[in-house]
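First chain written, first letter: the chains are A, B, C and D, and each begins at residue 1.
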Amino acid sequence: VNFPPLTLNPVFNITRASHVVLGVRDLAKSKIFYCDMMGFVATAEENETLYLRGLEEGCHHSLTLRRSDEPGCMRLGMRVQTDADLEPLKAHFEKHGLPAEFVEVAHQKRTLHATDPVGTLLEFCASMETRPRLILKMKHHHGACPMRLDHYQVFTSDVPRALAFYMEMGFRVSEYIVRDNTDDLFMVFLHRKWNPHDIVFTESPGPRLHHIAFTSPESYHLFHLCDMAASFGFGDLVEYGPGRHFGPGYAQFVYIRDPDGHRIECFNNHYQTMDIEDEPVRFNMSDTYGPNVWGPDRPETRRKEGSPRK
Amino acid sequence: VNFPPLTLNPVFNITRASHVVLGVRDLAKSKIFYCDMMGFVATAEENETLYLRGLEEGCHHSLTLRRSDEPGCMRLGMRVQTDADLEPLKAHFEKHGLPAEFVEVAHQKRTLHATDPVGTLLEFCASMETRPRLILKMKHHHGACPMRLDHYQVFTSDVPRALAFYMEMGFRVSEYIVRDNTDDLFMVFLHRKWNPHDIVFTESPGPRLHHIAFTSPESYHLFHLCDMAASFGFGDLVEYGPGRHFGPGYAQFVYIRDPDGHRIECFNNHYQTMDIEDEPVRFNMSDTYGPNVWGPDRPETRRKEGSPRK
Amino acid sequence: VNFPPLTLNPVFNITRASHVVLGVRDLAKSKIFYCDMMGFVATAEENETLYLRGLEEGCHHSLTLRRSDEPGCMRLGMRVQTDADLEPLKAHFEKHGLPAEFVEVAHQKRTLHATDPVGTLLEFCASMETRPRLILKMKHHHGACPMRLDHYQVFTSDVPRALAFYMEMGFRVSEYIVRDNTDDLFMVFLHRKWNPHDIVFTESPGPRLHHIAFTSPESYHLFHLCDMAASFGFGDLVEYGPGRHFGPGYAQFVYIRDPDGHRIECFNNHYQTMDIEDEPVRFNMSDTYGPNVWGPDRPETRRKEGSPRK
Amino acid sequence: VNFPPLTLNPVFNITRASHVVLGVRDLAKSKIFYCDMMGFVATAEENETLYLRGLEEGCHHSLTLRRSDEPGCMRLGMRVQTDADLEPLKAHFEKHGLPAEFVEVAHQKRTLHATDPVGTLLEFCASMETRPRLILKMKHHHGACPMRLDHYQVFTSDVPRALAFYMEMGFRVSEYIVRDNTDDLFMVFLHRKWNPHDIVFTESPGPRLHHIAFTSPESYHLFHLCDMAASFGFGDLVEYGPGRHFGPGYAQFVYIRDPDGHRIECFNNHYQTMDIEDEPVRFNMSDTYGPNVWGPDRPETRRKEGSPRK
């Protein structure tokens, strides 16, 4: 595939995947799963909303859980560099005939709600309230020790359309998977923040959220997450892993489903990719099978299930 | 199940599972698998035989690979405390009408070959030649960093018969698995060396070797073994794991098959069991399923395949 | 040094270092240190006594903390195989003109108090009450994840006398340190349980306890113990490490002092030593210095300070 | 300290610390240290120059070792986004009356040599030749598993002058250390790439290189690096650690000196810092002592020694 040359993006200054809003049915149960078991920090609980962050995060929240009768993905949040970057971004969505409006969001500065061409509900802001980073507060470290939100994966039936729109916004392709020996895109991995992933699109009916991913410090923590899940009676929610991606990202991973079916990845070991000579890495779908790869077949749930848009 | 009280065993002084002899078809290929990939130390190669040991082992060999047109398990080795313990042991086998004879084995002191009542080919000796322990020779540490041989698992169609014979020899039951809520034994875990396993019997047509197990230092090494396997083109030989035993032993594990199908477990985290108050631990077969456990279903190969007796 | 041949010990059946009794000034503070910070399990608290055990231990206690105005080491506990092993042991002490009497100790079966020739207060029993092993109860795992008590180190001004007495009781020398190129013993490492250490004697005015040692699962936990100590305001109690013993034991370690100055080692990676061909390993004092070793000089406190006998 | 608001840097587009050139006396010895022991990948050796890279790096080199009778630091390399970013950068140095000229450097694209106001020899380029990333080629992983170059620390007698110049070039202050309760800067930590460090200035006679830092995957690898050093007879080159920074960066670390005295840090666990609300973090010099910190005193060599400019 020949991607257009990298947009050096003097306009929108989107910097990173930043936070997500999920609808959950039972906040108390979610709190046991995310805080007691996985090790997220609860910044605040108010108005039927639980605000969580990772151990190294100085922002108020990277994972917002909202009480909802129907679970689903409400927003995927991105940061821009300054408030001034939001206006041209709004104009950009409107130019494409897509919804975009400024809204009030608790604990965040000026926030833009917008919908991308494949139906993903997005949210952009430059900054939010801060809280102390708990990197050195080891009393608070347990479970998977989730450190920070890293990226999203989204199902869509039109990967090329999503790709074109995000590249126009200044995202860069780090990696992509094609149907073997064709240029037919199955997955595209897009980033802004100099590691390979901020948002990933996979071909499957959408818009649905496949997973959100948080970093964990060591392979020990991936093992320990599974053990903790079993210790809390959540063992059957461990969907896939501990394993290794022998395709995009190359990370060690565990995928776990929360009590509402939202899929969370904990991983470590991404790589840095920011130089002009870093070309998008091409994978055939079959590259991730065979004797140069280890691990069980991906479970069917992994290919098929996702969180609906709400 | 009511086991007879522990035989304090003033007679045979069997001390531990010690070494195994496997027939393999291609020594060069086995050497790549065991030495280059898994990280075993090659003590010697002579007479179509490759002698391997783990990084902490001071004995000449714990894993002997012999060139053979048909792969299989040739001997499971046990240590006794002194040469003087071998004579009464020989008499014990003969009293049961079982084969037992003294043989010459290279690099080992006085050695007794014997066959247990379920057909397992055994080998007993008190000592063998020594070599330097390589615990601190980190130049030699790589792959799974196998430290030492720990135990065997054997298929037999008559678990109670094996159990009775090994208890008579002074083995102690650490754990056992029954068909749910019965006293029908499916697996028995026997030990001499104060951690829970030296030899394990599982109900399935036998005698066949299910696996031999070596210790690895950390969960990192279990992950790394799988990655190394893939890096050497052996990824499809990773059969099961990385995972956690939520039954006997409680260890973190990886099971891998060698190029001849012999199954090797690398694990860490066993526990100490040596006090008079340590009762055998009972598990129902179904205890290892459900939300208090994590991980994929055991692959069918794991239940069915083993190394034949040769 | 020529040690007498191993006593195969048909008489006393001492099996392992088992439990210790320490006097501490402030039980509440000790509980924060040992339970909240280090990760010990509190089995019970009663009669100004706190009973602790490691995560894998099924015995009622391996570390007993007793309120005392003057901190000190009250007893070092050893297990024998059965109650019947205690009588000949009592007679053995008496034969040497040493104190030995049966006493009642809460939660323990028949218990013998005795004093060795260098003044160490000992306690022998065959069994105690049991509690569930928490190996798989990961909710309870934190801090250093201490798994089990492993060994003691004791200061004495007469190492050869201690050595002779313990060998008579059936202990075996795994390792020893001499003044360079002499047979002048500086440290002797004695064991019963088939890893290298149950009790260690070091030349220095005594009897004083140098340290008690517990196993931790991975190098991660040794690092994490130090971080936890700092997180609890105990950072200045980390005395030495994380480091590696390039002498006896070969383990990775951290030494930390408790609020009363008692020294605790957390370590991993010991080796198995039980075969007749395993000769005692000789080290010169200078072997643990130089370019084949890494790490800072041992702090002076480590050489000089210990817990007095109480 | 009130830093000027962040320059959003529309001009120079410096992206990251990228590569370093060190003079060494004996390339063969350096190769044993860096490749055999530490685990660097040797991309090429030619013209008395050894080109090394980390396991995840796709660039030709991040560490260039040049045979030289006098060891020293020859260049610290930075990347810019495109070749077009080099001209305005050259003009910027010239405007300040500082040396700046285009040069030919093997395996690199257009390269600018320049000297900063405190005498540091710099080198800027947008791209260089590429080589395969070896993240998944586990056969090549050993030692500290250095993944990628992360940052430099430089001694200078005029920290404020260096700070002003680098901020003008678009660097951002992540952290700084002051003499207690003053605004007197002792260290400043500057970055471009969204983790906290690309270049750090410390007050001490300069210009001298304090250290270059590479990432290692896990705490295990920091321990293992020290063990490997000892195994190669380099144990006395381990200068400081394994330890934890309770000041800027918060990382776990080991500092080791190479055979020419150049100091290398291996670390893990940095944090992400890229949002407009991330204020520079202030530390007093004394913040890194006391009970909320663990570890031995920094060795005197660490405070005093560095690689001279060559």
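Here, a contact is a pair of C-beta atoms (placed from the backbone, for glycine too) under 8 Å apart; a residue touches a chain by one contact, two chains touch by 3 or more.
Small disclaimer: the values here were computed from a predicted structure and weren't measured.
Shared contact partners of subunit C and subunit D comprise A, B.
In terms of the distance between Cα centroids, subunit C is separated most widely from A.
Counting C-beta pairs in contact across A-B and across A-D shows that the higher total falls to A-D. Centre-to-centre, using mean CA coordinates, subunit A is 30 Å away from subunit D. The distance from the centre of subunit B to the centre of subunit D, each centre being the mean of the chain's C-alpha atoms, comes to 48 Å.
For the pair subunit A and subunit B, the distance between C-alpha centroids works out to 44 Å.
For subunit A, the set of residues that touch two or more other chains comprises 136, 218-220, 227, 230-231, 244, 246. If you check the complex, the residues on subunit D that touch subunit A are 8, 10, 15-16, 18, 56, 58-59, 79, 81-82, 126-130, 133, 135-136, 147-148, 193-194, 217-220, 244, 246, 250, 268-269, 271-278. Subunit A makes touch with subunit C in their complex at residues 136-139, 141-142, 218, 220, 224, 227-228, 230-232.
Of all residues in subunit D, only 218-220, 222-223, 226-227, 229-231, 233-238, 242, 244, 246, 252, 290-296, 299 touch subunit C in the complex they form.
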